[in-house]
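Each of the two complexes below includes chain A, the first together with chain B, the second together with chain C.
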Partner chain A sequence: MNRKFLRGTVAALCCIAILGLTGCWDSVELNRRAVVTGVAIDRGPSEEEKYELSFQVVVADEISGKNARSTSPVAVYTGRGRSMFEALANASRQTARFLSLGHVRVLVISEKFGREGIKDIMDVLERDSETRLTSFMFISKGQTAKDSLTTMTVFSKIPANDLVEKLETTSRQFGYNFRMEVDDVVRGLQIPGGGPLINGVLVSGDEKKSDTNDNLKSIAPKATLKVTGIAAFKADKLVGWLEGSEAVGTALLKNKISQMPLLVKSGKGNYVSFSVYLSQVKVEAEADNPEDPLITIKITQQAGLKESPNNLDLTNPKVLNDLSKLLQQETEKQLTAALTAARRMNSDFLGFGEAVKRDNKKGWKMVENHWEQIFKKCRVKYEIDAVIRHTDMRSSSFQAN
Partner chain B sequence: MNKGSVKIGLFEIFTLTLLFELGTALVVNLGMESGKDAWLSILIGDCIGLFVFVGYAFLYRRYPKLSLTGYTRKLLGKYIGAVVAVLYVILFMNLAGRDLRDGSTMLVMATMHRTPLFIISVLMILSCAYVLHKGVEVLARTSLIFGVIVLSIGIFCTILLVLSGSIDINHLLPMLENGIQPVLSSVVHQNFMFPFGEMISFTMLMPYLSNRKKGPWVIGATMFLSGLLLSFTMALNISVLGADIAKRSPLPLMPTISKISISDFIQRVDILVVMVLIIGVFFKMAVFFAAALVGLSELFNLPYRKMVYPVSLIILFTSMLDARSFTEHLQEGGKLLYTVYPVFMLLFPAILILLSFIRGHRSPPRSG
Partner chain C sequence: MNRNGRFWRSSDGGRKSPAGSSNAGNENGSGTSGLSAVLDETLDNIRNELGNSPDLKIRHVLLPGMVPVKAAAVHFSELANSDSVNQFVIGSLLEVSVDNFRDGKGGSTNLPDYILNRALEIGQASRMEVWNDALLALLSGETLILLDGYSAVISCETTGGEWRAVGEPSSQLVVRGPKDSFVESVATNVSLIRRRIKSSKLRLEYMKIGSVTQTYVALMYIQDTVDDKLLAEVKLRLNRIKIDAVLESGYIEELIQDKTFTPFPTIYNTERPDSAVANLLEGRVVLIVDGTPFILVLPAVFTQFFQSSDDYAQRFDISLLMRIIRYISFIVLMLGPAVYIALTTYHYEMIPTTLLISLLAQRENVPFPAFVEALLMEGAIEILREAGVRMPRAVGQTVSVVGALILGQAVVEAGIITPVMVIVVALTGIASFAIPAYNMSIAGRLIRFVFLFLAGMFGFFGITLGMIVLVAHMNSLRSFGIPYLSPIVPPSLKSRKDTILRLPLWAKGASKSRHTTRVSVPSGKKITSGHEENLSPKIPEEHAETTGPMEGRDQHE
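Take a look at the complex of A and B:
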């Protein structure tokens, strides 16, 4: 009897002990957390304040509605320091809650910092156990990175989420930006003779009025946050921006395009528009002689005709074949544009070096150190196959009659 | 322990072996010394490990009712045998302690930064002690439940990874970039011992098998299967993260799984990796713990339940006093893997096999 009692007591004590151990020492209740959705990294004025970090923090009451004071849905806190971590610590002094980095969606680095070199920034981003590798990286084009976190946005109350959605929309619909996450950049930094690619972000319009609710009160927002070209790096330094067909060509070569519009000129001032639904790209190298490799780019594309305001007879397969020839030429132009840009910037961000390495690992060791020179003059062959699958809901245009 | 009543079935030994082999090896950067060919060195290590296991199975066939410490004493004589058996018990406790340190530090690194290492270690060793207090059979049955959980987590995560499109096979190419030498060096330094050589602890548990004929076959097949799974997981890590990031991460499976992101709906599944880590460490530690207990109770003729608490204290303090930092711990472990462990996992069993051959010729073994 006595023994049973003892056992019961021990069991009860254990249960009570377990209650005290939930989450152990690290538990932070939700109402003590401030969820950070975006981080902007600017170059501070001096070495003492090298890193200027701005944190976009969600004001939960504003989002959920009940206790909303119709103030700003997010707040931005800035801290400076000699290292990223010190800047974070300094920023936390201003906040009432623990900055919780587990839900950071976007990381924006200013162009100024990009030109100076980003490799020191990346360490803490991949090391920290709370931040995730799936955060999207951006470079703020010509502005401070903080600007892109202090712009009110229309579709999402949280600007960082809005930026992510914009990126996904553009990458789905128009091709040329694509998802670039923390680990993509870390890997990119290690491309021999090349560098990472990072999406650009830009606040256009009246920047001064962008950070208040007033920005949204008119139908045409005073300032809009938008995804723009791609920043190309050489090692860890920004060397230039890819825009238009350069950017599309780059995205193609990285095999990141899911859908994109493509215009083909047929006749004078007359454009036929296509939507390219599928692009499968393979970059291969024939590098028996690593000093003079041949890079082969194989592309299979499927497109649908979207607009043809002219008198082409689209019931005739031959016409479509001719158009697909033009389509192939257009694609080749884009690819060449990307290649020319890469050569101009002297950076193999396209990863041709890696293709050579895959083909001839021994030869690669010999050319690794002077790959940049080879990249500038290596032969490139295009094998493009474009198919026009359909002409959407009409055959020929009414103008054909 | 009464060997008549304790029985481990085939299914249970399958899951126990699987969880033991996957254990910590699944989450750490196994074989990354050989860079992007880590998966290859794991496969080679698996094959060598299987070959070594054939030796253990041979000894088991000879003495199906005795554990390792049992036939050590029978073959090496009363005194030398006892010394070697004590060494084995110490080895098992050391291995359990090392795994405890692995597991608790990784938990602290990955999720619970401010929680004292000691508290996590105590909680983990207590749960082990509790299960072993209930008996080896209970451990085997527990593994059945957790085996299902770990396997379904694995399948779930693999499907999601494929769907989220983060896999890039190009990261695995070119194969054998620096020749076969780094792969072999990694095999010698790590992969044939960890985790495959560690199967020596199963020689202590095999006398409890219910099916003496099929048992070793099942264990061998499971070793092979878990080697394939480990190799596949490492290849997955490299193809998602690239060899460089995988090499620099102590727990590459975590960033790999954290790359799963399906239309902003399924995210942050990396906590599943923490679950797998806890389960894996638990079973690895429990098997070594059980092996040490069985050895002790046989050596000193003590009821094995009485030894649970002293042994768990020893394991706990081995793990705490093992090293000051995780880096030091890993470095020590790396050295042990190719200096000390091969003595116990290859040399001694080889001597035993030789001796049993000689004895076998002199007088055929009696059945019993």
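Take a look at the complex of A and C:
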């Protein structure tokens, strides 16, 4: 018994010792990590330096530590290389700690790279085990991507977080920009005849002063980081920017609008403002003849009246009915604008092709290769239903009396 | 028959206690060895045997008659109740008339029987012929009446002495519910249970365990509710115990439990009579050990350790919430620091960014790896806890203030430990107190360290592996044949109405005696074999001493 016990103990001790020998090979203490919150991907000047990656690294002590030195809350390191991985390796030579990509919230690709093609980049982002598919993608409009990571921002000490928050605010309230994650972009790349949509980002103002604390010392910041139009892609190449009603129409067709302002010209040239707080879009295709499909766009909208500068009698149902007809016309204009833009850019990012595929799978195979031509001239029918649900706190304006 | 009578019989009939075997010749050959027909000789033997103890009181009486008979009453003044001795034993003796006996008026053929039948004004008394039994009776606080000319003695139940009064339970507190608690006296404890179950089916059996201490162990169960196989197994295991001292029910628990090498308790203990009674009604067996307020309840399943008698006093929805909280706190207790280690050293991507940044800032100047940090803090809190149990009440406040506040704060300010680690450790510390059963709570504390190491070495992968092993281990456990995880595994929907959940009483219905139907003691499974080998008497020398003179006398006679 005792011998057995002794032998068992020795065996157990050996096991424990062996465990110790293996060590903790992938364990990294938090204070050995440099947490990257944003990555900018720029097109380098040559093939040797094709990828120019900039990493926005958090200096945690500066953000919430007691030992803040009132220096910059983030640091940006740049590395160049023939591939993304090489660029990362080069960048990590400059950092004292492990560049950890697990918390990348923002990925910015320069417009130049966008026009050249982003599919290799997306492959890396999807393949890597550390980066996440839920990071937000941006295209820096007309600037280098690095610029958008080197701008001091007011609300969040980390510019990448600030950008994310801006996007979320605008997508929830007034804007046509919506959340576009790595996953969405990869999926968009696979739309036949179409391409992904990626939000644009822009540093406006004095770019030269944007990267120091001075940027924030005045009430009106010298330079602001802001979300701007939507970059439309054909396959993996950027083909154009959507702004205004083109972008709104696109967001509507993608069912990504949660709330947006809509202005309707009424009567004597004044605008009546609505807040559209519900839009439900359905894109359907009748493709018995895949060469000549009929796309039906069904849209249901609910809106509340926000501004009424006219002396309209808002207690009269007829007035409201007329207004909602105008609302429908306005929506149709936006949808048409989006479609026109898509046809102009020759990219079916709206997903009409997918609707045809859903309706007639066999037929789709026949037209798949020349869908672009069909997309340009296919018939589109709008079925718009807009309802004004309320007029906010008042019925008729006090001016009406 | 009196309760001691049972003891003697069980000691004669069944167990070969180490004491018995060491002076076997004594018992078999001349059981009345020390008891002589000559009174003075017997008294000398008693005195010698007990080392002339000053608290041994001998009262000589002369029973009046034509031929007076010398008699003596012997008792331990510290053990016996002197009132009963004076009033009922000696008082009765003085009134005995030997003449009446000689005339045959008592209908008895010898004097001890006559006295027993006709003279003693005491509830429990018996005639004894065996030396060892007589000695044990004396040592249990009874009074022996010795008569010149007869080797038989009469033992009178005069047990007295001081016991702690029934008070409030100190370890299993409830907000609402009975406030009485078991005490050290087995008789009192039995009465506390008997008072609650006025059923003729309630059975009580006494045993005597411990070759030196001869501790009374009361076995209680409800006939027809309890499973006969379970009962037989319990008795079998109890009879197999070979130990010389039983000072607490933990001794018995360790010797009759199914598995030694497990952190989980497989026998429940309680100091609450209401809890004991509830378990009796569910078909369990209760063991009351003399000298400790903690009684044993068996068999016990895992979920039982998370139930409190409070649960049935409160509304069911509230009890339900409380129970769920207890299970959660057990998980927090086991996994809290481990998850923190795994998250910070292996899976930093799982922490929300904002939290991560604050953690980063905290860790900036901490010299130790998170694992060492956790080990330090957990060690510190265990020290604090152990100190808290041991320290005198008067300084209790000081130590807790110093420990909790000053140490906790200073350690953070000195930059040795991150504040989050203090939060995690404090949370696990508090979680350990939310578990109603202390022994389950210690099990969790022990397992926590295993998980800490696994997390430090392999992250969540290690924790997952540990969980698999833990669940497999728990599934392998049995408590007197009952699967430890029942009624979760194997599943029994009916019994689940009162396990993790606590449904209203009317919904429990027939599941009252849930475990009785499930008892199936595997025939091959007996007491873990290690016990018999390891725990045979460890102090044979002392035995030799106590039995030595006796043996010597045997030979002499």
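Keep in mind that, in the parts below, the second predicted complex is superposed on the first by the 378 of 401 C-alpha atoms of A that agree within 3 Å, B and C clash if a C-alpha of one lies under 4 Å from a C-alpha of the other, contacts with A are read in each partner's own complex, and residues count from 1 in each chain.
As a working rule, a residue touches a chain if its C-beta (ideal position, glycine included) is under 8 Å from a C-beta of that chain, and two chains touch if they have at least 3 such contacts.
Being a predicted model, the structure only gives us computed values, none of them experimental.
Chemist: According to the stated criteria, A:Asp26 is in contact with first (chain B), second (chain C), both, or neither; which is it?
Modeler: both
Chemist: Which partner, chain B or chain C, is in contact with more residues of chain A?
Modeler: C
Chemist: Determine, under the contact definition given at the top, whether A:Thr37 touches first (chain B), second (chain C), both, or neither.
Modeler: A:Thr37 contacts chain C only, not chain B.
Chemist: First (chain B), second (chain C), both or neither: which does A:Asp183 touch?
Modeler: In the superposed model, A:Asp183 contacts chain B only, not chain C.
Chemist: Determine, under the contact definition given at the top, whether A:Thr134 touches first (chain B), second (chain C), both, or neither.
Modeler: First partner only.
Chemist: Does chain B (first) or chain C (second) touch A:Ser46, or do both, or does neither?
Modeler: After superposing on A, A:Ser46 lies clear of both chain B and chain C.
Chemist: Touching A:Ser70, do we find chain B (first), chain C (second), both, or neither?
Modeler: neither
Chemist: On the A-aligned overlay, A:Ser218 touches which partner chain: chain B = first, chain C = second, or both, or neither?
Modeler: Neither partner.
Chemist: Per the definitions at the top, what is the overlap between the chain A residues touching chain B and those touching chain C?
Modeler: Residues 24, 26, 102, 132, which sit in both footprints.
Chemist: Considering the complex alone, what residue numbers of chain A touch chain B?
Modeler: Residues in contact with chain B: 21, 24-26, 102, 126, 129, 132-134, 181, 183, 186-187, 190, 354, 357-359, 361.
Chemist: Tell me, which parts of chain C touch chain A in their complex?
Modeler: Where chain C meets chain A, its residues are 344-346, 348-349, 353-354, 356-366, 369-370, 456-459, 530, 533.
Chemist: Spell out the residues on chain A that touch chain C in their complex, using ranges where they run on.
Modeler: Going by the criterion above, the answer is residues 1, 19, 22, 24, 26-31, 33, 35, 37, 58, 60-61, 63-65, 67, 100, 102-103, 105, 130, 132, 158, 161.
Chemist: What part of chain B is in contact with chain A in the complex they form?
Modeler: 109-116, 119-120, 123, 170, 173-174, 176-177, 241-242, 244-245, 255, 258-259, 261, 267-268
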